[in-house]
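Chain IDs A, B, C and D follow the sequence of writing; residue 1 opens each chain.
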Amino acid sequence: MDYQAILEEIYQEIKPHIGKGKVADYIPELAKVDPNQFAMSIVTVDGESYHVGEYQKRFSIQSISKVFTFTMALTIYSKELYKRVGVEPSGSPFNSLVQLEYEHGIPRNPFINAGAIVITDSLISHYQDEFITLENILGFIRDISDTPDININPAVAKSEMEHGFRNRALANLIKSFGNLDNDPITCVQTYFKHCAVEMSTAELARAMLYLANHGYDPLSQKEFITPTQAKRINAVMLTCGHYDASGEFAFHVGLPGKSGVGGGIVAVVPGKMGICVWSPPLNSYGNSYAGTIALELFTTKTGLSIF
Amino acid sequence: MDYQAILEEIYQEIKPHIGKGKVADYIPELAKVDPNQFAMSIVTVDGESYHVGEYQKRFSIQSISKVFTFTMALTIYSKELYKRVGVEPSGSPFNSLVQLEYEHGIPRNPFINAGAIVITDSLISHYQDEFITLENILGFIRDISDTPDININPAVAKSEMEHGFRNRALANLIKSFGNLDNDPITCVQTYFKHCAVEMSTAELARAMLYLANHGYDPLSQKEFITPTQAKRINAVMLTCGHYDASGEFAFHVGLPGKSGVGGGIVAVVPGKMGICVWSPPLNSYGNSYAGTIALELFTTKTGLSIF
Amino acid sequence: MDYQAILEEIYQEIKPHIGKGKVADYIPELAKVDPNQFAMSIVTVDGESYHVGEYQKRFSIQSISKVFTFTMALTIYSKELYKRVGVEPSGSPFNSLVQLEYEHGIPRNPFINAGAIVITDSLISHYQDEFITLENILGFIRDISDTPDININPAVAKSEMEHGFRNRALANLIKSFGNLDNDPITCVQTYFKHCAVEMSTAELARAMLYLANHGYDPLSQKEFITPTQAKRINAVMLTCGHYDASGEFAFHVGLPGKSGVGGGIVAVVPGKMGICVWSPPLNSYGNSYAGTIALELFTTKTGLSIF
Amino acid sequence: MDYQAILEEIYQEIKPHIGKGKVADYIPELAKVDPNQFAMSIVTVDGESYHVGEYQKRFSIQSISKVFTFTMALTIYSKELYKRVGVEPSGSPFNSLVQLEYEHGIPRNPFINAGAIVITDSLISHYQDEFITLENILGFIRDISDTPDININPAVAKSEMEHGFRNRALANLIKSFGNLDNDPITCVQTYFKHCAVEMSTAELARAMLYLANHGYDPLSQKEFITPTQAKRINAVMLTCGHYDASGEFAFHVGLPGKSGVGGGIVAVVPGKMGICVWSPPLNSYGNSYAGTIALELFTTKTGLSIF
């Protein structure tokens, strides 16, 4: 298939939609971004890459970082991790707190905020220090994307910390059930920092190769995780990757993926490629408006849905 | 691959697990079944079929019937159906009523009971009579399984009706929000009847071919639904097919599937085959204990996960 | 105190408020009532009575009937009744179903619909037949009001039955938890019928005397219940008598009371008098708009709050 | 009535119950208390006082302090306070977070923890500093109890702070809805400090006189609040004073009251007296086991229920 031609086609068709939706504005730093931006990148397991739009411009990856921290936790912990966080979809956002309460502080999956905070806590316990934890998270992201200069935007992390009272509430509630080892504020701060990593669509599509290729990065020839682990991360991305629109995403796109409120979405075609699309304004579910449509166009045009 | 050998292997490995778990006993008719039974069937899109165990013995398909009624509703209604029922996973069972209330009587997906009752209501409205509706549901199931003598077990349907107060509560609550056109008791009765259809694993694996082959049955050469509809039904099976263990099933098995409290589970390998496994005792999530393990063994041995 | 003068004063002050609010319109029969009506009656334990407005006009007592069925159940059952229904306020109406589910089908108090349906069920079990149950409820109401011709409006009961899907949902849910002995539809029908009793403010104020006078009706010289039972019914009216505005009512009025969606409110000044006020339009909590204000004016003018 | 004789009688009857129940142990400092203690005090509006047991021994007043901060807030703010906190009972403790979420961060009443934290926040905003706020709270408590040496136990406050993750979660959630002006941790710290005030039953019964006498302290001849404010505080104590056993307390005791996990309960007989009872072990609702029984005995023996 001529992926470059398909990307160009999508780019033309998506143009009327770019700028629609609403840029995340719950923190001032994210609200500043120009909404009229779009980029899409594909990197295949053969090492081919295809791009359209501003594919070298870095943006705040936000919740996409949860895929990376979950991967790291899987390499450190085995079954005991699932006593602390489940792999089930979470239902409506309204229920986030009531579910956490009903289920005694065990978040339903690693991709809701509560679950990602528990994962971050597990990393801090392993590395014994939050600074070393962040160094290792950054190191892992640099490794899988084969890009040494990826970094955190400290202004975004600080802005999140100043406004993230709901996430602090979640962390304190989890702590009250005994499911955080470390101080809740430390966990939330570390979580906000890894969410504030900045990457481009080119770098993120590249970073997905280990998940597209059974845990083994075919370009760097590094084995990051086992085939079973890769399969499972993809499964959790499919069922839980898009908050309360995960079912819709499976229904319309049909690929494992993970979105972030910065407007990025990563996706994986198992055995074939990593994909990343970016456009800042969000739809009502908090996923990139144009990005979601672009991915739906992609699977329609290529037939590359897993279903 | 030598599927017969793989099935035999699974059968040997599963034997110690047969009988573990708990047969559904909320209605006396289902509680009567012998727990020490197991069957597994594969039917490929090329028309090959492979079986182990009691694959010709019919059992109560229960919630597996929801796949068939959802398919029928999709051929009758288009987007307006999604105003009445969503495609999102539903969270914990505890939330079934609160979610329905919070979301104003719109069930989250067609595979939870509330959603299936709305789907049944939509069919009754279309066929204008509950008897004709049941005739059409039976006709559709006979068509996709290419088996003319499939029928309802009236004792099971009657037993459900005598004990199904929770489903009546759901139907009345949905009606109170205006999301049922017909009388709630009529909807529940019709729903209980299509759940009481009896089929064997051989028949159910065969009946999955239209979903495994883009809506087109390669053996009977009938086009039941469009490729897009098939893709979407598979997506909803993956994200919502196993109640509150849908994430676990995607995680461990990695195939679109649907379970029933009669102990049956159907699954689809897109482009390749329909699968059905059956063993009556259930695990704590209400899915067949041995059946779930058998399907996990199957994807592990064959590598046929979609991830 | 010159109660007649106080009632006249209240009547003058309340006039600008009569007609404000919204008549209950969830059933056509209740929606037909003229909203511009008002009446208020006082009957003291000495047998004096004072009235303003249309105090002889009968209206649908609706939930006020729950006070009478609860009283009857208390005379039949002792502590075992509290295993089936609690005496705690119920929180927001949104939670009605979730609380019932969380608390395994035990309604929080006898004055929410779920609790009143359980009380009705307990009466049907005692009288062994729903017709005899209704005869006894009517008999009790005629006794405490000393008015032999009080009756049910069958059109209102029928209209409720045709539209009361939410109450049917509640009854079926309670039944699913095993907390109804009789058929849920029979319980709901009987409940709707006793809610459809019609009385005037004069008759209802009179009927409150047994609660104002320690269980003993000073006029008819009948002892309906013990002093402890009277005290407890008053306590439950105070904490639970006005749905999710029970706290507001205690706060602003400061008397045990019970409202109905027909626009009536009964209240008790312990040791002194029974009160009833009626005006059909309701405030946002489902309690009589003008009636609530009239009772607040009454306790302000007389200082007869229990606090 | 010979109140001293009645107290002595209660003391004899209560002896077998002293020590039953479970001392609050969620913080080490509270768990240290000797469970076999009991005291009860009455102070009448005429200035008579009656005591039994260890009525001069100070204990941690905990949530009883919420009555005092609510009183202070009422003297500072008028109707605008009720936009930030309601006066409705709160339903089951399970719902505390879901109700707060469903009701957009507006706690249902000033006596649940969430509501008391909002009240504390309102005081900090008024006094512009948390130290001055605490000074004023202490000043007010010293005034109403006419006891200049009442103080905070800093070890208890510190212990709460080290373990109070659930209260921190509540405060952060309220802040996320914009219903705290000050830093959530500052609010929680100040709240924990005023809960750590220590008083005896003699002092607390004395401190209730302003509520028993329409806002005016008959002994010190100070008018702390208006009669309407006193009436309303009593109403909120009756409907919301004992968490999820408020209905039970109204039902069995029939007096406005407020309990604390330190084992104290204050109560008011309007127009007549202030009461305080203390015994550390708690019943399953978190209210003093022996204390609740003692108060029920008191109203049974004296007939002083408000109903």
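Going forward, a residue touches a chain if its C-beta (ideal position, glycine included) is under 8 Å from a C-beta of that chain, and two chains touch if they have at least 3 such contacts.
The model shown is predicted, which means the values in this text are computed figures rather than measured ones.
J.: Which chain's centre, taken as the mean of its Cα atoms, is farthest from the centre of chain C?
T.: Most distant chain from chain C: A.
J.: Hey, how far is the Cα centre of chain A from the one of chain D, in Å?
T.: Inter-chain centre distance comes to 47 Å.
J.: Just give me the whole-number Å value for how far the CA centre of chain A lies from that of chain C.
T.: 55
J.: So the centre of each chain is just the mean of its C-alpha atoms; given that, what is the distance between chain A and chain B in Å?
T.: 32
J.: If I count partner chains per residue in chain C, which residues reach a count of at least 2?
T.: 94, 98, 102
J.: For this structure, give each pair of chains that are touching.
T.: According to the stated criterion, the contacting chain pairs are A-B, A-D, B-C, C-D.
J.: Flag every residue of chain C that touches chain B in the complex, lowest number first.
T.: The touching residues are 94, 97-98, 101-102, 165-166, 168-173, 175-176, 184.
J.: In the complex formed with chain D, which residues of chain C make contact?
T.: 86-92, 94-95, 98-99, 102-103, 108-109, 230-232, 234-236, 238-240, 244-248, 250-251, 254, 256, 270, 305-307
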